[in-house]
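In the two assemblies presented below, chain A is common to both, partnered first by chain B and then by chain C.
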Partner chain A sequence: MSDFNIDDKVDITDVVCPTTFVKAKVALEELDDGQILSIRLNDGEPVQNVPRSIKEEGHQILKLLDNEDGTYELIVKKVGD
Partner chain B sequence: MAVNYAVLKKGGFMRQKQKNNFSLRLRVVGGNLTAVQLAKIAEVADKFGEGYVHLTSRQSVEIPFIKVDDIDDVKNALAEGDVEPGVCGPRVRTITACQGEAICPSGCIDTYALAKELDDRYFARELPHKFKFGITGCQNNCLKAEENDVGIKGGIKVSWKEDDCIGCGVCAKACRQGAITITDKKISVDSDKCNFCGRCYKACPTDAWNTVHGYIVSFGGLFGNQINKGETIIPFIEDKETLLRICDAAIEFFDKNAKPSERFKFTIDRVGRENFEKVILEAYNE
Partner chain C sequence: MAFSNEQLERYSRHIILKEIGAKGQKKLLNAKVLIIGAGGLGAPVAMYLAAAGVGTIGIADADEVDLSNLQRQIIHATKDVGKPKVLSAKETMNEMNPDVTVNTYHTFVTSENIRKLIRDYDFIIDGTDNFPAKFLINDACVMEKKPFSHAGIIRFKGQLMTYVPGQGPCYRCVFKNPPPKDAVPTCKQAGVVGAMGGVIGSLQAMEAIKFIVGQGELLTGNLLTYDALKMDFRKIKLPHNTDNCPVCGKNPTITELIDYEQAECDGAL
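On to the complex of A and B.
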């Protein structure tokens, strides 16, 4: 994770679809254009769908890191205010 | 005056249990109706029917309780709102479609445009038995392609664009088929596992995929008295011209070989699947 200067973190492993995306979206709304959010998400449906939903919102995905405990960190750059 | 039920049925008038009452089936393409059409349908249902409509299982609309003496007036009234009667009986039926890529984020093809094109090409064509086309935009299969005589499903064939890839790994997780493996930042797609769902491409942050939007076509589906899942012959059809050639070939095969009241699946079974496959492959390779 040292490649990225993380501005904020959100953990969405405690919720299920569609709240996963909503929680991530709310966290992104708190940030300014260009800031970077790290999203902790579960394997399975969240990792299959949340990156695509974030892309469709117009944000930029930088990396998906495997925490090797059944969770991932999705590193997203906020695009737009 | 004797009522010619066959002619009325062909024109979408379905005989009801109640004597001299007909449920009028309307022509709908791909499940879309305009506001103008809906207003006219409401008006006709109120004036000539019993003030309600029935939504059929295949995206059509029927206006029940139309009286036999009103049939011409009903047709004229509907025409003012760009509404035509549909069909029943041994011919090409309503072309059904989901909303497809014009509306739905999952869609891989423009299902409505294709439904219009198939409707122009085939609707109400006389055949030995009913013949149903259904078009679904993607592997989610909301429109249940394989229950139709010819089912068309949108798909996306992908190939990796290495130069645009940031190696994020999202595609491998988005793939539900386990078709993508990443080794030393190189992506490979197992073509035996890929089902053309397009999720890798849709999830990719940098659109690092070359894509072909195409069609997966199944034949011989049934979902009535007998149930059969339509089967695919060609894994992926890359362009619409080829798709139309294949649809032409399938419908010609049915027209030429089917016995009256024999559904497509049973024609294929009786004439021999290998013979049908030969016809489809010839159209594909033409």
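On to the complex of A and C.
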């Protein structure tokens, strides 16, 4: 975590697909080009699908950290406005 | 304004779209659309715009719900017969989406009230069923510099066009004056298939949504016609030169609104 300068955080463990991606996407829209978002997400379907969907939107996945409590921390760099 | 989790879920199919996203959904929630006529066209427009989360929807209509309306005016139910259409429409919209503020105007639009009425809104929907109202809406929108969607339906046919100030012809550029009284039958006299309102009204809702989010091409400078029996859509390019139009042209001769006389409906029908 400390490797990155996190600009904003969003927790998507309280919603289910497709709202998981939607919530992450909305958080990314609030950021500027190059800023970094940390996304807390659940194991299983979210961790399989959300990083892929974010990548498809053109953003850069920097790291996926296992919190070892059934959740992950996905570090994303926003690309574009 | 931040979205609640419930809003993220409700509007997820919009937000996922690259052309709409969170920004577009916020524009929709901040937008104000006035629908004139809560009938065959206004019903689907109101329902789709309410479902889409258009934050403020005005609806103007002087009539009460009649049993004969229910074949096409899907915003009203059997229990609403006798109720003002604007009230019945508001109830349906509120049930669909509590995010929407619905303003009701239980009145006919006239030269006296229309300019003030449309001033508060970003986009106007003409869902009326008669020529005097259509010309009144056009002229008022030109004078107030408001974009609007015109549409008309009868029998198995429908048409629509979109006017945006400075971006092509207005309704009067194309149709100079109302037709002579009784030259064109009303829906009451001629009949109309209920789904026609659904087809054309949904297209009007789509135009409003595109205008609000600022995406795609609008039906400006074109008239779209639909013939359901032949299953034929035609997009007719309209003359671009609006200079000689009596209302939106360079030297307008119509500078005040006109209340044309409405054709008498044959009461026996």
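Operating definition for what follows: the second predicted complex is superposed on the first by the 81 of 81 C-alpha atoms of A that agree within 3 Å, B and C clash if a C-alpha of one lies under 4 Å from a C-alpha of the other, contacts with A are read in each partner's own complex, and residues count from 1 in each chain.
In this text, a residue touches a chain if its C-beta (ideal position, glycine included) is under 8 Å from a C-beta of that chain, and two chains touch if they have at least 3 such contacts.
Small disclaimer: the values here were computed from a predicted structure and weren't measured.
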| item | value |
| --- | --- |
| Side-by-side fit of chain B and chain C on chain A, or clash | fit |
| Touching partner for A:68 - first (chain B), second (chain C), both, neither | neither |
| Partner chain(s) touched by A:25 [first = chain B, second = chain C, both, neither] | second |
| Of chain B and chain C, the chain that contacts the larger number of chain A residues | B |
| Partner chain in contact with A:15 - chain B first, chain C second, else both or neither | second |
| Angle at chain A between chain B and chain C, C-alpha centres, nearest 10 degrees | 70 |
| Partner chain(s) touched by A:81 [first = chain B, second = chain C, both, neither] | neither |
| Smallest separation of CA atoms, chain C relative to chain B, angstrom | 8 |
| List of chain A residues in touch with chain B within their complex | 43, 47-49, 51-52, 55-56, 60-64, 66, 72, 74 |
| Of chain C, residues touching chain A in the complex | 3, 5, 8-9, 11-12, 15-16, 18, 21-23 |
| Touching residues (chain side chain B, partner chain A) in the complex | 105, 166, 168-170, 173-174, 176, 199, 202-205 |
| Chain A residues within the chain C interface of the complex | 14-15, 18-19, 21-23, 25-26, 29-30, 57 |
